[in-house]
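Down below are the structures I want you to see.
In what comes next, chain A is part of two complexes: it sits with chain B in the first one and with chain C in the second one.
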Partner chain A sequence: MESMDFKTSQAGTLESMDCLVTVTGPSDVRIIEVSGGSASRFRTAIELKVNEVLDGMGCDAGVRVTVQDNGAFGVVLGARVEAAFARYRGGALS
Partner chain B sequence: MRRTMLYLPGNNPNMLLRGHLFEPDGLVIDLEDSVSAGEKDSARILVRDVLRGGEFGNCEVTVRINAADTDHWRNDVGAVVPCGVAGLRVPKVENPQMVRDIDEEISAVEARSAIEPGSVKIFCLLETAMGVWNAFDIAKASPRVTAILPGGEDLAADLRTSRSREGTELEWIRRMIIVAARAAGVDALDTVYPHVNDDEGLEREVGFIKQLGYDGKSVIHPNQIPVIHAVFNPTEKEIQTARRIVDAAAEAASRGLGAVSLDGRMIDAPVIRRARYTLMRAGLSTDLEMKG
Partner chain C sequence: MELNAVHREIPPRIDGYGDTSGKLFEGAFARHPSGYRSGARMRSFTPNSGSKLSGSIKDAIKASGLKSGMTISFHHHLRNGDYVVNQVIKSCAELGIGDLTIFPTALFEVHKGIIPYIKSGVVSRIMGSVNGAIGRLVSEGGLGSPVVLRSHGGRPRAVISGDVHIDVAFIAAPTADRAGNISGQMGSAACGSIGYAFTDAEYADVVVAITDNLQSYPISPVSISGIFVDLVAVTDFIGDPAGIVSGTTRVTRDPLRLLIAKYASRLIEASPYFMDGISFQTGAGGIPLAVTSFMREAMKRRDIRASFGLGGITGYFVDLMKEGLVQKLMDVQSFDLEAARSIASNPDHIEISADWYANPWNCGAAVNMLDVVILGATEVDVDFNANVNTEADGALLHGIGGHQDTAAGAKLTIIAQPLTRGRIPCVVDRVHTVTTPGDVVDAIVTEFGVTINPKRIDLLDACVDFAASREIPLIPMDELAAKAKSMCGAMEPIRTTDRVVAIVEWRDGTVIDIVRQLEKQVS
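Coming up: the complex of A and B.
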């Protein structure tokens, strides 16, 4: 039976105006999950931001990205996604 | 003016985005002690992005990078210098060569980023006895150096003592640094007052450093800002006196006189210079003319 090496990386916190981003993989496709108080109102904007950052970093592998949001601005969300994915990839940070 | 420079933890979005609302004169975004070793990478990205897109009011924005004996400082410089910071606060500076190394790295990043050469300033934290001993040479090591300042906690450890509310252990350190700063033509900024609920002690300490000639103080809690500003701001009486001195000097100059008397006191160049400095502190003039 073939085994798969799953990896998980995180960046951010659950403090006010921050978010905790978790990247897990591999996954068949890119999956984005959003939770937190603002999830219902800003889900689309959060998903757009996550995709923008991952695309900008050349992410073409399937990963699951979980965002636990506690009121993070876009600039903070983007930074946390970048840090989490850079850690997941294990390469140099941009 | 650099009366107050507020430290903001580099991995704390709440403080990074709101720090300027407390209206300090400057912000020191920290990538060093307030960021744990495992979070340096994440904090560096966050700080870079906040610098690119953040609002900082009228604050002078600087970043405290990691010390030159770590693996982090070059990455710090590479990340934040392209974002338009006014300066870098460099910890644990002990000798002029360390300043020259930082200068060289900043110059390389400025060149890559099409930033005006020399525009990013260096604030040197002197946190060891050796650093304080070399204060003048450090301040003169690069034209980028704009201020020197003691680092109270590390200095206390290096001196084999501890921080006291009276500041006895730092008294001569502060005197040495103000002399070195003035001789080198840079600002002297003071270390933080760590007792955030002791306004009386803070006011006493700020009064002391102001009398020594310091330009301002590092701040670790927003509540300390108004206390420090109140001490550094000239009183209404001081402002009125300064105005009269400057006006009298201007009138004397227009009549071709080198000196003038006001209220029975001779007004000469040092008195005029101090008066101008008072008006500058009050935000009523930017014309210091320190050579006058």
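Coming up: the complex of A and C.
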């Protein structure tokens, strides 16, 4: 079986009101996993925000995005996803 | 389904609890007692009765006559250091006693040791606060019958009125003598006040003191007299001192919480109650302690002395008394070492029972003498209803404590908390569980200012007058709720099944709300 080059990048922290976003790939499809204190009440909002940021960055490759949430507001989550995906892609944040 | 006075649907019958018709919450002060007090079995101890002493908990259980299906009670002054509940339940299992109803004042994380005995049927019912792992187990349907939650005042009311009959009370006794006199003030497991255990001692058919510090007769001081106590079990350790009292309770250093405390203290100063003789309860939380700290400055500035501090007492309150800013402390639970030391040495630091503290159906509950109480809540809603029982994910994780009692008794009830905890809003359209009705909540204080219950126009006017001297931002409830919504975004609903896992009783024994089983395991 041919070996694949997996790549992982992260942004964020597990501090209160922050989240740790991990982007891993390649993956066949885009997978979003959410865990943490707010997951039970904000899962859909978190998934929407991740998709919005990735789409906005032109992400058309399959990646696995893991959000370990510790109460991040939407703007914080969005920034963490943007940074993690930028690192994954290898480009610098402007 | 019928709606109660806070618009909650209550099933007419709840398995494991009974009929709720005639027991729906009607209003904070709608119900009054009738009839006579319930009582314990009469018994005597004569010169020929032998000894009350048992060499082990197991021997004491045998001697108590405890049988399967009975109700046993515990008090929680040893908090997360308690060894007694776990030891008693384990001993019951070993003796083949099961199907027990346990009636603790509260269970803590340390009591997760009884979970195997819940699963095996030794414990089939819990009436009392469940925290941590046991709360989660209950939320997910792990207990056959629903938990019944009562406030610190509602519990003694239930016992005295006969709603609950205690067959055997097990009382953790930091010090005892061979006649069964008990004190919480001495011994390696000293916890200060043992106020929650008083009613159990008076109303249980059999009372077992469990001690690791047997002293010669008679001990002094005595908190619970041996006239109520049948058996004294001597064991090696009743608790871990490190889990019983915290070394120090500290004022918050978080700027956001300090701001909230500052606004709350200004509200108190603006109120008509800020005068010589004011009384207050502030508990042990970071924000309430900070409010106490700000009030201390204001009391000095305006040369005011408080008549008493009430409730769970901390070293911070003890310092206020030493400074002469508070004259007496009325203590149902000593939170830290300083409080435990003070109650043992200062006659102005008074040990009170839960009955005296908060029972709505007696003639002298201390909460009714209270001017100001600072409380917290998991969430409050636009009708000022407060939830302290369930977390944002719907799990049952906290007891009522004195929340209902002090809110109902105090002239000024303040809930002070940040507007959000993480992304979770603390002000919502409708709380998941009503613990305390909005009728008895006067103000919510957040980092955005003071939100006054529109029923308290007098307070609103007082704040407006006060604002001339010190800033006291006022924010109406609809604006506060909208702010929370815009910061946090829309929340998904909590998914539950129809099964009722807990009943929240108002302090008069009516059903103010129910908690339903969570639909799936929460990650």
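Points worth noting:
As a convention for this text, the second predicted complex is superposed on the first by the 93 of 94 C-alpha atoms of A that agree within 3 Å, B and C clash if a C-alpha of one lies under 4 Å from a C-alpha of the other, contacts with A are read in each partner's own complex, and residues count from 1 in each chain.
We adopt the following convention: contacts are C-beta pairs under 8 Å (C-beta built on N, C-alpha and C of every residue); 3 or more make two chains touch, one makes a residue touch a chain.
The model shown is predicted, which means the values in this text are computed figures rather than measured ones.
Superposition note: with chain A as the common reference, chain B and chain C can be accommodated side by side. Applying the stated contact rule after C-alpha superposition, one finds that A:80 touches chain B and leaves chain C untouched.
In the superposed pair of complexes, A:72 makes contact with chain B and with chain C alike. Contacts of A:11 after superposition: chain B is touched, whereas chain C is not reached.
Of all Cα pairs spanning chain B and chain C in the superposition, the closest are 6 Å apart.
The intersection of chain A residues touching chain B with those touching chain C, taken from the two complexes, comprises 16-17, 72-73. Those residues of chain B that touch chain A in the shared complex are 11-14, 17, 41-42, 44-46, 48-50, 52-54, 75.
For chain A in complex with chain B, the touching residues are 11-13, 15-18, 72-73, 75-76, 78-80, 82-83, 86-87, 93. Residues 392-394, 420-424, 487-492, 494, 522-523 of chain C touch chain A in their complex. By the touch rule above, chain A contacts chain C in their complex via residues 16-17, 35, 37-45, 69-74.
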